[in-house]
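Questions regarding the structure given below will be posed in turn.
Chain naming follows the written order as A, B, C, D, E, F, G and H, and within any one chain the residues start at number 1.
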Amino acid sequence: MANPRVSIIMGSDSDLEIMSEAAKSLSEFGISHEIQVLSAHRSPELLTQFCKNLKKRGVQIVIAGAGGAAHLAGVVAAHTTLPVIGVPVNSSALNGLDALLSTVQMPSGIPVATVAIGKAGAANAGILAAQILGLHSKPLQEKLLRYKNKLTRSVIEKNNKLKKGK
Amino acid sequence: MANPRVSIIMGSDSDLEIMSEAAKSLSEFGISHEIQVLSAHRSPELLTQFCKNLKKRGVQIVIAGAGGAAHLAGVVAAHTTLPVIGVPVNSSALNGLDALLSTVQMPSGIPVATVAIGKAGAANAGILAAQILGLHSKPLQEKLLRYKNKLTRSVIEKNNKLKKGK
Amino acid sequence: MANPRVSIIMGSDSDLEIMSEAAKSLSEFGISHEIQVLSAHRSPELLTQFCKNLKKRGVQIVIAGAGGAAHLAGVVAAHTTLPVIGVPVNSSALNGLDALLSTVQMPSGIPVATVAIGKAGAANAGILAAQILGLHSKPLQEKLLRYKNKLTRSVIEKNNKLKKGK
Amino acid sequence: MANPRVSIIMGSDSDLEIMSEAAKSLSEFGISHEIQVLSAHRSPELLTQFCKNLKKRGVQIVIAGAGGAAHLAGVVAAHTTLPVIGVPVNSSALNGLDALLSTVQMPSGIPVATVAIGKAGAANAGILAAQILGLHSKPLQEKLLRYKNKLTRSVIEKNNKLKKGK
Amino acid sequence: MANPRVSIIMGSDSDLEIMSEAAKSLSEFGISHEIQVLSAHRSPELLTQFCKNLKKRGVQIVIAGAGGAAHLAGVVAAHTTLPVIGVPVNSSALNGLDALLSTVQMPSGIPVATVAIGKAGAANAGILAAQILGLHSKPLQEKLLRYKNKLTRSVIEKNNKLKKGK
Amino acid sequence: MANPRVSIIMGSDSDLEIMSEAAKSLSEFGISHEIQVLSAHRSPELLTQFCKNLKKRGVQIVIAGAGGAAHLAGVVAAHTTLPVIGVPVNSSALNGLDALLSTVQMPSGIPVATVAIGKAGAANAGILAAQILGLHSKPLQEKLLRYKNKLTRSVIEKNNKLKKGK
Amino acid sequence: MANPRVSIIMGSDSDLEIMSEAAKSLSEFGISHEIQVLSAHRSPELLTQFCKNLKKRGVQIVIAGAGGAAHLAGVVAAHTTLPVIGVPVNSSALNGLDALLSTVQMPSGIPVATVAIGKAGAANAGILAAQILGLHSKPLQEKLLRYKNKLTRSVIEKNNKLKKGK
Amino acid sequence: MANPRVSIIMGSDSDLEIMSEAAKSLSEFGISHEIQVLSAHRSPELLTQFCKNLKKRGVQIVIAGAGGAAHLAGVVAAHTTLPVIGVPVNSSALNGLDALLSTVQMPSGIPVATVAIGKAGAANAGILAAQILGLHSKPLQEKLLRYKNKLTRSVIEKNNKLKKGK
């Protein structure tokens, strides 16, 4: 996509299944985005380059997903003043507890907006980006309200099904 | 403060010492804000009312800090499409692990932008709010860049002290 | 069921397999009940409405099951003075530890009667409801005693099988 | 107290400071109660005797607090069909995580209504008992509603103080 | 088996696969034993009866395996002065961490000799019983030495295989 | 003490305060014992020598306490067929959870009889040794019964004090 | 292999699948190595013998992998002044958390260079050995640089694939 | 110190008390070293610069200590092929568990040699560096052997004191 407003990066291509949930959320809200592999450990210079070009390229928010000693979101946050959203990926023996703590426990001065471990977190990363961009976009705010209503309606519909199923 | 752009709420007045770090960060960036106690459990209707009035009052971001079964940020996120930043407070026997998991592990559809446990997290919540608001404010972006430079300079100064101390 | 005395709610329809264990327990004790999806996050207003109508509808106990940042039981407890039983559901990467802590670590003033993670907990939620209602019902108390005896007999029978199996 | 409706027991007299919070809650709601040390491990026969006499003595609810391998609530629940409320006490090196898991993870058939670790949990145990007994007592229900309102008012008052303090 | 010297009990028949490892170890050392289901929660009186008869029946050691809020070993230890070996069973959502803490964190005065979670622990429970009984049995001590040598030889054999496999 | 039947060892002299609880228990039961520092890491050859001499010296049980990566009990168990009791010491940042897992999670073939973290565990290690030695000593068994009765009486006395205090 | 510079040992042959990742890394860097089973618990004397012969045989680094109460690396470190790399193996119910803490939490004086749990850790153990040996080998340092470049290129290639796949 | 062979870096000057243990170890072995603050988050470009100059400056090993989301060691490891030793610092609410997992759980390809949390770990980091450098230095190897003997002698001395103290 040309001129992505949100850039999704992930530490490994094995995180793609989880991180594509973030892309789905952004697509649902019509927000331009890109997705790529960028490792804080395997490609540190590519990552620094990526961070330095973010503003020039018009990127406004970075969503970074990684597992294990998940440094990706924190390293991006160290290089930019854009909001960085971190998604802990449950790819290690410790079920993502390591990725959660490595992502959220940032020191004073360099926040990472951390969401839940795994797919729910990735989907929410996209929605959080929409909420942030929605602060200056009426149409986006309306989409967010419609999305919230859809969530409520889906609860009602599930209950209707549940009653019929009985 | 009149017309606060960021509203800081906390589940208990005993969280004030921690959550005032968020206020300090916002003051440093010149962002109007308010701070108050609002409990998801002790004052649910006040909280709902608070959520419904957010947009009318011009609030753009909510920072919510709570300990234990920390539902505050999640409940606000359920009621609004504004970005909600959650600060886990380490006020229980489990040192904030309970508050962290209760804040971050939100289901798909309702994100909470979670930061670190305790004071570092609260300070970062204010900075994250500044980053979000900075997306549409050149002056704020410049302040954020200056802040980032200040962080780097403080590292240099500490090393100078360290060398002299030897 | 008309006039349910116990209302079972769950944060997501994917919790149904677990939470239907609560319904089974209540059926075994002949206690009228209902079961529905109600999310603290996806349908907060439906949930508030549900809480406000509980007493009018004659509901005496609420059983609430949820996973992850499980706020459901706590939010209901915030709105009602009826006893609320919380069932942590193991639907996240952290195997229900998050749901347990989010459900049980309630602040002073708003208790949630928390039971075990998953199916055993859901079954026990129904039995706990029977114990509570049994305080003012002789027949229910007798059923509870018979159930307790049945548990003991099943231990004896299992040992008989074990001996024959040898 | 003669004819206690709620019996508070604790595994050790060192738990008294925490467990007296349960007594305070019950006193606040005017519910007759007793408090004593009874260990599942140091006095198993006294405990069995205690359980067998509960109904004769008119006790309706047991609140049991213990630390470490906290078996007290579970053992009482094994002997009676009355509701048993378990309070995990944070007296060991593991800060009460052991007591929480030992209390809440009961097998199917024998529920323990578990509340939070430590003082908040003990206070809530008393309130939960009041909620249970309130199901058949109008005056108690009114007291519970007044208590809930008092919680909300205390939030308002704390905010007033907070504003004046500024 | 007539006149068992070691009695293996388990909280549920679903623990049989794990606990039969203890029986296998005892058989390997030629120690008479029995195995049965006895629940601290489902059959408390049977369990008390079992404990009271232990010495009369000539039982010298009890091996108790249970999962979740694993009270079985602790309750037996409360009733007898015989050595009690506890095996935490990983049958709950928390993978046996709950069973481990519920078994090992006993208060001062009532020890439970706790072994590892699951099959390795159950096998070791049988060996530990052999070591205890071996203190007064030369033949048993010789068997234990032969077993230890067998362990070492199996390491040597595995290395021989490994080398050939290359 | 000449001819100790129980040998208490600890990984560091900083563990002395905790491990002397084991010595106190053994003294209470009149069991000869010795106590010394022996590290699996700082003095591996002394430790091997110690293990090889155990039987010659008439030692029957080893109690080994250590913190952090607590290998002491396991290494002794590897060298001897005598029963080895492990006491996890809470001397590290992780409050003894590391010592507990390092002590209890032994592989199949080499049991360590693990007791609770810290002082309660050390005291229980001494009592467990008494229970083991009591299998072949009537007087010791009587002392153990008296000790158990004393535990029960102390519960009764604490309740008497509690009543008077009111 | 004759004259191995790195010796890989593992506590059990069931760790072979994981530990062969270390061998693969070493092969990739052309470093001579051997691999064998050696248990701190099942073959303590073989292990001591192994440690004493290390220097004579020209071994420079030991890589030790084990699960559960993983004492292997620590015991080797106690016997030698060569660098010892520890690989926690996730073979127990606790997913390797026990092996991690048992390996890394060594007391002051006896370091174990611990890497990640499981396969990634085993592969990294081999690379770490190459880095250490590379300090005195230009060719090895060049291989390490090439390996690092390969890691970066693989990131680029994965992104090319990702773009084509779209 | 001119021409340091080991460079100690730490994420914050508040880590100095802990990290100076590493310097003490290196001084004890006569290894030239330097110590400074360098944050992966507050000074990312200084850190990259530091990494790029390591080899030119003759540094052979980096020791990196950090707390919370401890990315420091991992980021250095991403930039260099020198061995990197990571020290988890217990400066957050989670007592260093977060720092441990953030440091040790590195992905395949980029090892960090992780030592224990806190002071013991920092001291061991220095010793591990000595062991690595000792591979090509006879005098250093002799110092390491003397150090090991000193550890054993200190155990003997402590026991002598212990005996006299009795």
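In the analysis below, contacts are C-beta pairs under 8 Å (C-beta built on N, C-alpha and C of every residue); 3 or more make two chains touch, one makes a residue touch a chain.
In this text, all values refer to a predicted model and were calculated from it rather than measured experimentally.
Shared contact partners of chain E and chain G, listed by label: F. Counting steps between touching chains, the shortest path from chain A to chain E takes 2. In this entry, A-G is the pair from D-E, F-G or A-G that repeats the interface of E-G, since more than half of their contact pairs coincide by residue number. Between D-E and A-C, more C-beta contact pairs join the chains of D-E. Spacing of chain F relative to chain H, judged by their CA centroids, is 34 angstrom.
Taking each chain's centre as the average of its CA atoms, chain D and chain G sit 51 Å apart.
Each chain gets a centre from the mean of its Cα atoms; for chain G and chain H, those two points are 19 Å apart. Per-chain CA centroids place chain A at a distance of 42 Å from chain D. Shared contact sites, meaning residues of chain E that touch two or more other chains, fall at 39, 42, 68-69, 92, 94-95, 97, 104-107, 109-110, 112, 116-117, 120, 151. In this structure, the chains touch in the following pairs: A-B, A-C, A-G, A-H, B-C, B-D, B-H, C-D, C-E, D-E, D-F, E-F, E-G, F-G, F-H, G-H.
Within the complex, the chain D residues that touch chain E are 11-12, 39-42, 44, 48, 67-71, 74-75, 77-79, 92, 94, 97-98, 101-107, 109-110, 112. By the touch criterion stated above, chain E contacts chain C in their complex at residues 13, 16, 35-39, 42-43, 45-46, 68-69, 92-95. Residue ranges of chain F in contact with chain D, taken from their complex: 90, 95-97, 116-118, 120, 151-152, 154-156, 158-159, 161-162. Chain B meets chain A in the complex at residues 21, 60-61, 81-83, 85, 100, 104-117, 119-120, 123-125, 127-128, 131-136, 141, 144-145, 147-148, 151.
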